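A, B and C label the chains in the order they appear, each numbered from 1.
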Amino acid sequence: MNKKLSQQIAFIIFKLFGVLVVAILISILGFIIVNGISVINWEFLTAFPNEGMTTGGIFPAIVGTLYLIIGSLLFAFPLGVMSAIYTHEYAGKGWIVKTIRMMTNNLASIPSIVFGLFGMALFVNKLNFGDSIIAGSLTLGLLALPVIIRTTEEALKAVPNTYREASLALGATKLQTIKKVVIPAAMPNIITGLILSIGRVSGETAPILFTVAAYLLPQLPTGIFDQAMALPYHLYVLATSGTDLGASRPMAYGTALVLIMIVLTMNLLASFMRRKLEKKRSK
Amino acid sequence: MQKRKIIRRILDNITEKLLTISGAVTGIAILFITFFLFTEGAALFQSPQVEHGYALYVNSSNPVNTLQPEETKAIFDAEITNWNTLGGKNSEIKIFRIDDAFQIYPESELGENYELLPAKLGEIISKEENILAFLPTQYAPQGTAVKALAAKNIQPKEYFLGKEWLPTATPVPLFGVLPLVLGTLLVSIVALIIALPLGLGVAIYLSELASDKQRRLLKPVIELLAGIPSVVYGFFGLVVLVPIVQKTLNLPVGETAFTGSLLLAIMALPTIISVAEDALRNTPRAMREASLALGATQWQTIYRVVIPYAKSGISAAVVLGIGRAIGETMAVMMVTGNAAVMPHSLMESVRTIPATIAAELGEAPAGGAHYQALFLLGCILFVFTMIISISAEIISKKKTYKTH
Amino acid sequence: MKKQLALSLALCSMAFTTSAQKIKGSETVLPISEKAAQVFMKSNSANKVTVTGGGSGVGISALIEGTTDIAQASRKIKFSERQKLQESGKAVKEITVAIDALAVIVHPSNKVNKLTKEQLEGIFTGKIKNWKEVGGEDIKIVPYARETSSGTYEFFKEHVLSNKNYMSGIMSMPANGSIIQSVSQTKGAIAYVGLAYLNSSVQAVSVSFNKGKTFTAPSVANAKNKTYPVVRPLFYYYLTKSESKVKKFIDFSLSSEGQKIVEEVGYIGVK
């Protein structure tokens, strides 16, 4: 009886914890959505900020974030995929691969502000890019690199070895096998990784603080050496500065909602794809 | 035909070389980051204690030859007012700054490019025995009765054990990182204490109790929690959590270490849950069944068999959770109040390392002592997270070792 | 004659279309630059102006490093900064674009509505710790300051704290907006902000710089007639060699239209 009771109590507590986690998510999302939804309209998404950021929209921030996503993945995606192909398909099981894998893990655990520090020292100051889209993209790209490497490696791992052996037996070279057999088979999973890293890149603030983010740009950036606004930094600005916080609050809620929508859509898309793939595989 | 083949072979060759090179890229990136952080950071100990380009001067009859940074600060804050506390004569310290010179002499007397300034400054110092002058070395006072105080470089001890972080104080900036390090650790560890039982509970629920349907609801929820950008958490914390903490705990301020810990706990939850759940799930079915067959209840099986078996995995979850918390920047910066003080209690404001870097890096002129001090903070953070990630790796390795 | 003038103006504006002008620095000057940039670009669509915050220190070091064209600052350029410019062979020009009064603010429920300079010094250096020491309720004083990069931080230190350092462990806020928010939520709070940031969620305190003989409230009128003691000029700095690039915007901000913006934003014009 006593055993049963303690079990019941424990299980109820665990269930409550589960409910609590759901409640936390709902309260955060709900808070942003309820406050932000009324702000979002066509003008908010397509206009420039106006009147000390109390009216108008967040168009340049959306575009800036888009540029940063494209810029960073242009650099990180091919590099990450190639790096994963090398460690998984070419390099043996020796200490080199082990070290590289350990470094990838470590790179993933470095705090984003340290990337910002490094990006500022190298790209902004040493290479003299100044605060620019290219400096921000490279910094964010470094941040996305481990995500891409890891998901690609997992994707490659999921390709059955029989595929490779069959291709090699037919006389294809190793590179041909990789190009024609392994990569196509792993592609959906690799894309999942890409989507995940888009989510990661679009939400980061600390790395762009000193490498690209502009407080206000009345027009869109025209080149890769221009500064850009970005949604996460814009939200930070709206939340903390401004002469009239009361009037700019709605804009902050709206920005937070747009940012969350982008990031969460990416995450949901990725997990949806992953689940679909898992189902396919189990069939 | 032949030609095309050759070209293709060359191309293939290049591709394979490229693959090799990119394989090394993470290694190179880490080395680069380490190199940059540490070279910039280490340069701090070659920087003088006194603000760059300035020195402290006294009258040559003054027996004091050197001042500790804390002493200098205390003098300029008017906490030390007499030379005898510093081993000098019993007379009041007269502080002199370069701007004071312009009040004594009209600018016309100083020459067009202030070329007469050094002589005038020398005159002032020779006349006043109890003077402590803080002057730019470019206009170093000239005269026989002038003595410059010994200029030392910043000492590692002052940096790592210093208790005051006043990076823009004049004449001596104080770069004591102890309050920042302790603040970071306090916020992260308390966050973990909050998040661990919660995360572990949810992980047990997910792996042992939940039905398929419940799991399908909870899993995406946790993924979504992990996906919310930290600045959104910060905004939420600023607008919702800070006032709540202040009101419910009846505190004078809402921006406290505790508020930061709460927010970080939420942010660290997904990491803890997913790593711990994996570990729990990896317990062999046979072990559970054996326990149940012996008459244990499900709960007994969980805490006597499953949890001990998954211990190393759970420890890895703990370590990774701390890692996530330690490096968090924006959310913490927005809710902890950022007071650079040795943390006394959870209900007071603290300043963390990441928040300090984020708030101050933009202002610090590249190459100056402040800039270097911030890079060194980055190094500390880097070393912390390296230790954490390597120990997480070692811990989870242990597990596979045990199973076989 | 008129035609010629128009032609030369058109030529001039063409010559100036080179690239975007970057303004960077003080959060206090930000509202002016932001609004001025918007109005300016409406009439000069060929000229692009980008505005970034970060603090006066950020702006000036960006100017030294060449990553900005105009540094907006709420304090005078420091001697050490001038030296750095000299070392790199650059000369800098200073323009006073507006005057700002610094208001000391407390929670609206606070009964203390006047403080002397000495009391302020005591509060911000940590010597006075409770409101009852300055005639208020028995509540702990919670001073807020701006981050160290801000010119407001430096100006307040120089002019109100007689160059003494702030108490160690003062709460520091990254921007003026969050200061207002924190003060409006915190009963024992005290802080300082630029006049433009003042609103009804906080209470401004009258200050006395003559040992309590007269107290003056922070307002545009009192700052204009110079009875309010904590006023400071707000600056634009630019390198003399880039004068041609930034001249148009600078001229605009000093024009009557530009100065109207200054007053609209809540500061005091210089003309």
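In this section, contacts are C-beta pairs under 8 Å (C-beta built on N, C-alpha and C of every residue); 3 or more make two chains touch, one makes a residue touch a chain.
In this text, all values refer to a predicted model and were calculated from it rather than measured experimentally.
Asker: Could you find the two chains linked by the most C-beta contact pairs?
Answerer: Greatest number of C-beta pairs in contact occurs for A-B.
Asker: Whose C-alpha centre lies nearest the centre of all protein C-alpha atoms?
Answerer: B
Asker: Which one of the chains is farthest from chain A, going by Cα centres?
Answerer: It is C whose centre lies farthest from that of chain A.
Asker: Rounded to the nearest whole Å, what is the centre-to-centre distance of chain A and chain C, using the mean of the C-alpha atoms as each centre?
Answerer: Between these chains, centre-to-centre, one finds 36 Å.
Asker: Between chain B and chain C, tell me the centre distance in angstrom, where each centre is the average of that chain's C-alpha atoms.
Answerer: 29
Asker: Measuring from the mean C-alpha position of chain A to the mean C-alpha position of chain B, what distance in angstrom results?
Answerer: 24
Asker: I need the residues of chain C touching at least two other chains; which ones are they?
Answerer: 54, 65, 173-174, 178, 181
Asker: Could you list which residues of chain B touch at least two other chains?
Answerer: 238, 334, 362, 366
Asker: Indicate the residues of chain A shared as contacts by at least two other chains.
Answerer: Chain A, residues with two or more chain partners: 125, 239-240.
Asker: In the complex formed with chain A, which residues of chain C make contact?
Answerer: So the residues of chain C touching chain A come out as 20, 22, 27, 30-31, 34-35, 37-38, 41, 48-54, 65-67, 173-178, 180-181, 196-197, 199, 201, 265-266.
Asker: Which of the residues in chain A come into contact with chain B in the complex?
Answerer: Per the stated touch rule, the residues are 3-4, 6-7, 10-11, 13-15, 17-18, 20-22, 24-25, 28-29, 31-32, 78-80, 82-83, 85-87, 90-91, 99-100, 102-118, 120-122, 125, 142, 145-146, 149, 173, 175, 199, 202-206, 209-210, 232-233, 235-236, 239-240, 252, 256, 259-260, 263-264, 266-268, 271.
Asker: Using the touch rule from the top, collect the residues of chain B that touch chain C in their complex.
Answerer: 51-54, 73, 76-78, 97-98, 136, 138, 164-170, 179, 238, 242-243, 246, 252-255, 333-334, 337-342, 349, 351, 359-360, 362-366
Asker: Sort out for me which residues of chain C touch chain B in the complex.
Answerer: Residues in contact with chain B: 54-55, 57-58, 61, 64-65, 79-81, 83-84, 125, 139-140, 142, 147-149, 153-154, 163-166, 168-174, 178, 181-182, 185-189.
Asker: In their shared complex, at which residues does chain B touch chain A?
Answerer: Checking each residue of chain B against chain A gives 12, 15-16, 18-20, 22-27, 29-30, 32-33, 36-37, 40, 197-198, 201-202, 204-206, 209-210, 214, 217-236, 238-240, 266, 269, 273, 297-300, 302-303, 320, 323, 326-330, 334, 354, 357-358, 361-362, 366, 374-375, 378, 381-382, 385-386, 388-390, 393.
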